[in-house]
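Each of the two complexes below includes chain A, the first together with chain B, the second together with chain C.
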Partner chain A sequence: MRDLFDLIYFCAMVAIGYFVGTQVEKKHYQEIIAREADTMKLPAVTGQDYLEDNAQITEARMVYGSVVISTDYFRLIVAGLRNLLGGEVSAYETLLDRGRREAVLRMKENAIGADIILNMRIESCQISQMGTVEVFAYGTAVYYKK
Partner chain B sequence: MKFIPKEIRENVNVSKVPAGREFLRLIAEILGAILIVYLALGFALDYIAPRISTDMEAAIGRIFSAKFADNKYPKTEEQVQGILNELLKRSSLPKFDYAAHITPSKEINALAFPAGNIIVYSALLKEVKSRNELAMVLAHELGHFAHRDHLRGLGRGFVLLVLSSVTLGTDSTVSKFIGNILSGAEMKFSQAQEKAADTYALGLLYKTYNNAAGAADFYQKMAAKEKIPRIFYFFATHPYIKDRIELINGIIKEKGYAVGFLTPIDFPELAKDK
Partner chain C sequence: MQKGGVMILTNIDSIPGKRILEHYGLVAGSTVRAKNAFVDLGASLKNIVGGELRSYTQLLEESRAQAVSRMIQQGEQLGANAILNVRFSTSNIAQGASELYVYGTAVKVE
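On to the complex of A and B.
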């Protein structure tokens, strides 16, 4: 009997994870797309030789954006099953994609008014075993003389 | 170099397969794999079980020896073994050292293990009031041996046990581990096998004692305790208990077996345990 309750509990958690998680993800993507449109004009590059010729730099400072983001229980289970059989764990792809884009957006939002962000790097690390990850984007924001 | 801002339209970093469909696909793959293994083991079991030689079975019997080691009721075992030996004199069974082992348990059951080992739970003996009744229970287990039901009864895991014994030997820890799991799981005989064992048991009982008294006594006691209606027995491993009583009484009438006296029996060693 107890096994039956455990099974029902598990199915309920998976169902909640699926429905709520899918909504949360959708909403986050909508937000990301809107903010990307706003910050599109600020270039963030991974190199350093992108300064304009004849530019006079008034300020250069480090900017960073960090986000801690978690996946839902449903995707956790799907990833677990994929771990059995091997192959692409597509359940986590949206998690990391959102994390990266969110971190870059936060970095750019920290650099309003900058002309370019150089030497951008993106790093991620696992926070917990339940599919929580921190994504950290950092770079050097350069401000030209206006 | 001029910077031209561009909107991300096609996200190449995310798989096009939605998570829900991925989930269903994984479940189907895993269940499919399990089903194939299950069916393969089923066929293998049907093939192997009737072909196990008595030597092989004796070797496999040693894997379960830890289950029989504990000798908590030596005098009771002697009593039970005595009745078993009487039955064995009049039977023509595969050659093993048939031995009765009494194990303390609250469950009312007796089990037939490979190589002639019969485990009788103490709770069953506490229900038994006559030698005739006990003889019938033991003869029923001998019936399973006669029909080699007990090997199939261990289930699909038995295939793995045989593979392990043949490749790694019966002394290996792997074989013992598999044996442990199998002995813990329930022994499954089909309803047909149970009825066949009952028929054999009655025949052997009468051959040994010329007395069919007490043959259905044990089942009658169990029937009094039975709460589940007949309809649920369609899927059960045991036949509906009243059907078994009818079968036994039917054969007694048909063959005109004499029904004489019951010889009482008691187990002082078990009475000490509460």
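On to the complex of A and C.
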């Protein structure tokens, strides 16, 4: 009886994870795409030599953006099974993609009014074994005199 | 993230629009943080459906701000007014505890 209850509980978690998790992911992607369109005018580059020639600079400061994001229970199980066979774990690929894009967006949103973000770096770090990662993006926002 | 003072931070080799007068060498700040059990409980519920764990995002932001302010303090003691080439690094010390480390080069600009 106890085992049966455990099994039902497990299946319920997987089902909730699948249905709600897919919705959450879809919504997040819609939000990301809309916000990316809004911040498109602010370029974030990984190099340092992209300043406009003879532009007058009023301010340069570091900007940051970070997010801790977690996968859902269904994808966690799928990734666990994948681990046995090896190969591509697409369940985690979308997780990291969402995290990176979110972190970059937050960084850009912290740099409103800037003209360019130089030397952008993205870092990620595992928070827990349960498919939780932190993504941190930083760079130097430069403001031109207008 | 940065509070108080007029310290300029960049993660590039220079401060655009300003000339460097003096170099003071490396300054660094770090903090080691453990997860909060209550925050963790909320996070494990959120783990079922996935998505952002806001409490963790906030926790890490605060910790990183503390590391940065320690670095700034060190720079101020040297008499610097800017820190160049700032880098961040994170490492897991033990299960549930991680270190946030930030370092850069303290300089004086005009």
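Rule of thumb we're sticking to: the second predicted complex is superposed on the first by the 146 of 146 C-alpha atoms of A that agree within 3 Å, B and C clash if a C-alpha of one lies under 4 Å from a C-alpha of the other, contacts with A are read in each partner's own complex, and residues count from 1 in each chain.
What we mean here is this: a contact is a pair of C-beta atoms (placed from the backbone, for glycine too) under 8 Å apart; a residue touches a chain by one contact, two chains touch by 3 or more.
All figures in this text were calculated on a predicted structure; none of them were measured in a lab.
Judged by the number of chain A residues each one touches, C leads among chain B and chain C. Residue contacts after overlaying the shared chain place A:V142 against chain C, while chain B stays out of touching range.
In the superposition on chain A, A:S90 makes contact with chain B only, while chain C stays out of contact range.
Of the two partner chains, chain B and chain C are each touched by A:R75. Shared-chain residue A:R121: touches chain C; no touch with chain B. Of the two partner chains, chain B is the only one that A:M40 touches; chain C does not reach it. In the superposition on chain A, A:Y50 makes contact with chain B only, while chain C stays out of contact range.
Comparing the two complexes, residues 75 of chain A contact chain B in one case and chain C in the other. The touching residues of chain B, when paired with chain A in their complex, are 1, 3, 5-8, 11, 13-15, 17, 19-20, 22-23, 26-27, 29-30.
Interface residues of chain A, counted against chain B in their complex, comprise 18, 22, 36-37, 40-41, 43, 50, 74-75, 77-78, 81-82, 84-85, 88, 90-91, 93-94, 96-97, 116. Chain A meets chain C in the complex at residues 13, 16-17, 20-21, 24-25, 28, 48, 51, 56-58, 60-62, 64, 66-73, 75-76, 95, 102, 118-119, 121, 123, 125-128, 130-132, 134, 136, 138-140, 142. Those residues of chain C lying in contact with chain A across their complex are 1-2, 8-13, 15-18, 43-44, 46-54, 56-57, 60-61, 64, 86-92, 98.
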